[in-house]
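The letters A, B, C, D, E and F name the chains in turn, as written, and every chain counts its residues from 1.
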Amino acid sequence: MKLKGKRLILMALVILSLGLSALAFAQDPTGAKTLEANPQAPVDYVWVLVCGFLVMFMQPGFAMVETGFCRAKNATNLMAKNLMDFVIGSLGFFIIGYTILKGADKFGLFGTGPFFLLGGQYDVGKYLDFFWQLVFCATAATIVSGAVAERLKFSAYLIYSAAISLFIYPIYGHWVWGGGWLSQLPFGMGHLDFAGSGVVHTIGGMVGLAGAIALGPRFGKFAKDGKPKAILGHSMTLAALGAFILWFGWFGFNPGSTFNAHHLRISVIAVNTNLAAAAGAFMALIIVFLKTKKWDVGMALNGVLAGLVAITAPCAWVEAWAAVVIGLVAGLVVVLGVYGLERLGVDDPVGAVSVHGFNGIWGLISVGLFADGTYGNYATTEPFARGLFYGGGAGQLIAQLIGAATAAIWAFVMGYILFKVMDAIFGIRVSPEEELKGLDIPEHGTPAYPDFYTMNK
Amino acid sequence: MKLKGKRLILMALVILSLGLSALAFAQDPTGAKTLEANPQAPVDYVWVLVCGFLVMFMQPGFAMVETGFCRAKNATNLMAKNLMDFVIGSLGFFIIGYTILKGADKFGLFGTGPFFLLGGQYDVGKYLDFFWQLVFCATAATIVSGAVAERLKFSAYLIYSAAISLFIYPIYGHWVWGGGWLSQLPFGMGHLDFAGSGVVHTIGGMVGLAGAIALGPRFGKFAKDGKPKAILGHSMTLAALGAFILWFGWFGFNPGSTFNAHHLRISVIAVNTNLAAAAGAFMALIIVFLKTKKWDVGMALNGVLAGLVAITAPCAWVEAWAAVVIGLVAGLVVVLGVYGLERLGVDDPVGAVSVHGFNGIWGLISVGLFADGTYGNYATTEPFARGLFYGGGAGQLIAQLIGAATAAIWAFVMGYILFKVMDAIFGIRVSPEEELKGLDIPEHGTPAYPDFYTMNK
Amino acid sequence: MKLKGKRLILMALVILSLGLSALAFAQDPTGAKTLEANPQAPVDYVWVLVCGFLVMFMQPGFAMVETGFCRAKNATNLMAKNLMDFVIGSLGFFIIGYTILKGADKFGLFGTGPFFLLGGQYDVGKYLDFFWQLVFCATAATIVSGAVAERLKFSAYLIYSAAISLFIYPIYGHWVWGGGWLSQLPFGMGHLDFAGSGVVHTIGGMVGLAGAIALGPRFGKFAKDGKPKAILGHSMTLAALGAFILWFGWFGFNPGSTFNAHHLRISVIAVNTNLAAAAGAFMALIIVFLKTKKWDVGMALNGVLAGLVAITAPCAWVEAWAAVVIGLVAGLVVVLGVYGLERLGVDDPVGAVSVHGFNGIWGLISVGLFADGTYGNYATTEPFARGLFYGGGAGQLIAQLIGAATAAIWAFVMGYILFKVMDAIFGIRVSPEEELKGLDIPEHGTPAYPDFYTMNK
Amino acid sequence: MKKIEAVIRVEKLEEVREALEKSGYPGIMITRIEGHGKQKGLIQQFRGREFKLELLPKIKMEIVAKDEDTEKIIDTIARTAKTGEVGDGKIFVYSVEDAIRVRTGEKGEKVI
Amino acid sequence: MKKIEAVIRVEKLEEVREALEKSGYPGIMITRIEGHGKQKGLIQQFRGREFKLELLPKIKMEIVAKDEDTEKIIDTIARTAKTGEVGDGKIFVYSVEDAIRVRTGEKGEKVI
Amino acid sequence: MKKIEAVIRVEKLEEVREALEKSGYPGIMITRIEGHGKQKGLIQQFRGREFKLELLPKIKMEIVAKDEDTEKIIDTIARTAKTGEVGDGKIFVYSVEDAIRVRTGEKGEKVI
């Protein structure tokens, strides 16, 4: 009994301090006061940081997938873009993006407060949150490079990178994760997006769609009769490496989004993440095999990513078999998306729109269907999210549909305006000669593989 | 004094709750009850998950080593195999493999219970264990792709992947880690295999040997007089990258196998893992240098992996100098293995059998020699494992030899039957023309490096 | 109140045990006593180990950057060097290096004690410290391979690797981190180098400079009139991958250097690390663009690393905006360094001297300027480090300058003697024919890319 | 029989081949070469340092044709490969003594 | 002196070279080319989309031989390179005016 | 017009090209080939197993020159490509029937 009592007190302490941990003792740059207030904080900090490192490591994952799926003559350019979106994203998010996302809410629309992490934000908890939000923002930013690959000017990409990290991402992020209007929808528990199927992937994917449309297809993508032609990537090994790195990094992305190691639910999230990825790859491989009688690795890699994107929103709220189902559907969505966009004349060199844009939407919707009432709003205490199939009614589903539509429209419209305005001012597409020669030498002076005999296709 | 008292109580609480943590409060999908029962659980969950992520990241390590050591014309195929064994492995292990491995023991032979993680398995602790076991199973599965590279049909590989994750691996795993008969041998502490030199590596390596024998050597591997010829891999950079990734991932594999961060012994395990890898590489480099006067990087990379495989079983039970000795012997074993198999006419394109099969056996045996009585059966409390050189007598060694022989025979026989049956039904080897052209285009339609001028050897 | 009281006791326990944790209960190979003494130890062990794994993973980062920036004909050789410096480094540091670094201080100059981790060092805490120090030592070792790339004999590199891990690194490390004279300078808090801008990077970079000078430039680097010529690397994708891996690994390097997860300051360190890297890349990209009107990715990648190296010393003592400034200056330093060394006729194929040597120095100095009094000497309790700009006077700056000069001189002189002595005895440079053909085949027998048509430049 | 050997720009390969396809040609060998002629070298850059690449990537096409078809093929190539800028390339013509079709062993002009 | 120029299948390179080795030949130059003749293009596929590769990888071998050896070498190549399927390739013969051995500076047929 | 076809060592490319640059030449095509002649194969090694590479990487240079320039160009190449060791390579000379400059459509010796 005595033991039990001590234990309850200990528990109480833990729970209490967790409750306070978010913003308690603000402006504690040293961290000593925060630790005193919450002696259990170290494991949370370790968890969040390590997961954040994994999310950052998704950057080379994207870089490798994109360059692997594009031609050797644009490989340097893709490295440049994937590097600089993270660089510009980091700086832009530091300057103001973070404030817009997580500052004091104004009208449910955006956050306000001091910029540059100044003004009372020099605090271990604040910095932890900033780090986490930053790597997520940068992930959204880097998605777009694939959709606009092999033809967008580098200078336009730098400006785009600034725009997405300064406001396109932070504003939508605020609506969902910063206390904005979507999080307060009067349906279900409000719009729910656990790790960002919508905030990160739909936003990235739909800005990418806008970019791909604004740019038009690459030279040679469509025959004169409009029939799509395949343009092969230059390295299946790098593409596969990239997909594996992303899969690995996603274990930071999803489980880390509890922002709290005391939610032991993290194990369920990890399992769901893995199973959805596997199911996505399996489905994509099988569908294309039925169509072409070939085991298409490129599409299977897209299937992995599709499964990962789709499970990102629901991962904390569903159980294993549902994760498999969500992944299987994701594999279907990505295949249909890739074929469908080609039919519409849109050229998305790496499948970014189908992977991130469409499956981000599917992921959001799936929360409204499969949420099974075992996890709350980043909380292990009631209320728990419950979808249509688990007796939760249509409320959550409606909230999800509203959020998904908002994400898609916001990102597409902002992206389209951005690219069109840039295009009107200075032209966003490289010249036809540069496109034919590849962007590496005209834009960067540096061919990616000068020691190898390469073909120019 | 008072302080001391509180401390003891705290300790007691911790130890108590750790004892219970494994299965206590089953069916706690939310994780709140588990946390209440064991407030120290978060650091264990974080440890196991992060280590599990690292183990998953070994997948691209294998992919890069194998593709680097094989020819460019089969690179897409190797990506496909290394991807799909993880995909099929994840799904197969989810469907039934996990139940066979960890379900309620029947006759010491296999586990039983509900499949698909259903039936009371929706529990944070269960899911954690599932995740950990899954990434290990997938590692065993992916080892084989190297031994059968450049000639096995992709469809046969899909079936093999299902077979190993559905029953070949789970059944043997049950014998050692699921409470089966090997763990209950009346010698020493029963058969001990800390992180799976046997369960994962001997199993994978010996199924690989069976596959390599069933398939026969690649065209051109042996001259008409039977003399082995070298077939160079296509990228030493990718091979080295892969070996480094594996080395990195092994820090999840071995230290994470405590399944418990409260075993501070994890630091010893990390040191041993690193030193054995270094010693293995050193030895392999030196031996081949003495023979050929060239610094053979390919063999040194194999030496790294050999050291890692060998230390996998004993890593928790030995001290640093012993790890170095175990690694040095592993370096010797892999070199002798590679030359020996070639002499026997077996073609193992990447050295998987010598690295994983033979050194898995050596690792198991070394436990019986070097275990020094400082760590128990996944426990920091007595009884501790003790080998021949540390006054433990021959008991543990006998248990190790029985386990090693069992692993080798089980895996080889099951593998051989599997490949031979498939061969009888639909033929497991691609046609000679496909082999000459490389598997990438006939099987997948996609060459790995279409922008580069490549040679076909 | 009652609650508060309990909490304070708990706190006291934590702090007490932390204080003891470093060496308390030495020779506890099992770890049970250490855990009993400090029930909070697991999270620290997990943190240090996971960060240590990330530091180890920097090895392939270096390997990929170096090989990407060098020619295909030396790619196997660079893999061999980057592998074997870690192998030899691990073994050498195990044999004696660790004792010199962390053994009982003698005259403030070096440590003494038993070698081979023997003699009472079989202890979980000791092994943890050994692991951490080992991966740092190996990082210093691997820096040099870039500066001496494409012309140093492999045998000379093996000897160099032994020398740096046996004594060059450990002795200087002892001065700063082992209680040696630099740590006891009577200025500021003594010389401060949080994660090793000096200990690791200046040492590595300046030994590299010595090697580059001793070897002379590569054939073709300078025209007959002395004008530097560009020698392109063979893979911008691998170089970028390597830089991303390093960026990722640095999140272990810097935050992990608290050696303690209870310093919640780790979040600040992570943010600073990221921002400095971004700022360094941004600055390097812009400067070269202003000069050549091309977006130079190679220099931007160097800029990333420059920012990371520079922030390594100050990361724990500064705030975010200062990290950005430090990174921007680092970007400038690396560009000036690269151009300056070329002007002086020094050939550093990958920019290792500018990245690690010069920015290591800048990083050390920046502590004396920007330290803002929020963190102590690996402690969250006073005294806190304070630089010139934060009212700390010139004391800390002087300590930093002394340390920086010492590091640069020690490393350069020892390195120069080492390479010159080896050169006198057996010649450290490959023959001109071997250099022209590339080192891969003459030294290792193995071309890196035998399936590809490569050019020999 | 003549062999027509044309050096053209890399970017023109597809266009020229399609033009030949339309106007008809017996067969082709395409080789990736590096060339140097009147065209100035290409400036490249690596880690801040510029340098001139003297040898530029070019495509060499070789077609063995019947004497009577030679003119037309040369015309087609010359027309489609032209940009008017330095570096467009050259076409050389050689005489061929004999030709054999491996598949059948036949010899002479008929195998073209 | 004649130059024998043979276009063969990539997979046949090793076999043909070994046959030549046995029957004797003076020296050889091997180039990796892409070819187009009667053989249909190869279907490849990328992310679900099929496409036809018009240019197929081929091997070009060039041997400069004494007039009297030409016949035998052509025979050897034609025999071993043959599969009977479309795409086996062709052999062309040209006359060579002179030959120089760089190592010695010697000229004429004797350097072959 | 003559075509000069020289097979040289890979390491000699830069030196030969610079010598030609100095003494003057009209244009050049450089192809990366594999060759086999008197020179012994190269021993390589992979994972402990040695093997002989029969085909060695070589450089083929082709220059179409006016008849009167042929001698000098051959001399320049032969001189700078020489090491005196087996494997230095050979130079072959062929006659060229016609030449066309794509940029202008001009024909004959003047386009060289």
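Methods note: contacts are C-beta pairs under 8 Å (C-beta built on N, C-alpha and C of every residue); 3 or more make two chains touch, one makes a residue touch a chain.
Here the structure is a predicted model, which is why all the values come from computation and not from measurement.
Colleague: Listed by label, which chains are in contact with subunit A and with subunit C?
Modeller: B, D
Colleague: From subunit A, count the fewest steps through touching chains until subunit F is reached.
Modeller: Each step joins two touching chains, and the minimum needed here is 2.
Colleague: Which neighbours does subunit C have in common with subunit F?
Modeller: Output, common partners of subunit C and subunit F: B, D.
Colleague: For the pairs D-F and A-E, output the one whose chains share more C-beta pairs in contact.
Modeller: Of D-F and A-E, it is D-F that has more C-beta pairs in contact.
Colleague: Tell me whether subunit B and subunit C, two copies of the same sequence, contact each other through the same residue numbers or different ones, using over half shared as the line for same.
Modeller: Comparing the two copies, subunit B and subunit C contact each other through largely different residue numbers, since under half are shared.
Colleague: Starting from the mean Cα coordinates of subunit E and subunit F, work out the distance between those two points in Å.
Modeller: Centres of subunit E and subunit F (C-alpha means) sit 18 Å apart.
Colleague: Quick check: how many Å separate the C-alpha centres of subunit C and subunit E?
Modeller: Chain centroid spacing, subunit C to subunit E, equals 54 Å.
Colleague: By the touch rule stated above, which residues of subunit F touch at least two different other chains?
Modeller: In subunit F, residues 31-32, 44-46, 50, 94-95 touch at least two other chains, as defined above.
Colleague: Quick check: what residues of subunit C touch more than one other chain, meaning two or more?
Modeller: 43, 46, 50, 232-233, 235, 292, 294, 296, 298, 444-447, 449-450, 452-453, 455-457, in rising order.
Colleague: Just spell out which pairs of chains touch, all of them.
Modeller: Touching chain pairs, listed by label, are A-B, A-C, A-D, A-E, B-C, B-E, B-F, C-D, C-F, D-E, D-F, E-F.
Colleague: Going by the contact rule at the top, pick out the subunit E residues touching subunit B in the complex.
Modeller: Residues of subunit E touching subunit B: 10-11, 13-14, 32, 42-46, 50, 57.
Colleague: Write out the stretch or stretches of subunit B touching subunit C in their complex.
Modeller: On the subunit B side, the touching residues are 3, 6-7, 10-11, 14, 40, 43-44, 46-47, 50, 54, 71-73, 232-237, 239-241, 243-245, 247-248, 251-252, 255, 261-268, 270-271, 274-275, 277-279, 281-282, 285, 292, 294-298, 300-301, 304, 319-321, 324, 374-375, 380-381, 384, 449, 452-457.
Colleague: Which residues of subunit B touch subunit A once you look at their complex with the stated criterion?
Modeller: Subunit B residues touching subunit A: 9, 12-13, 16, 28-32, 34-36, 39, 41-43, 45-46, 48-50, 52-53, 56-57, 59-60, 63-64, 67, 75-76, 79-80, 82-84, 86-88, 90-91, 94, 116-118, 122, 124-125, 127-128, 130-131, 134, 154, 235, 238, 440, 443-453.
Colleague: How about subunit A: which of its residues touch subunit E in the complex?
Modeller: Spelled out, the residues of subunit A in touch with subunit E are 69, 228-233, 288, 291-292, 294, 296, 298-299, 302, 335, 338-339, 342, 351.
Colleague: Where on subunit D is subunit C touching in the complex?
Modeller: Of all residues in subunit D, those touching subunit C are 44-51.
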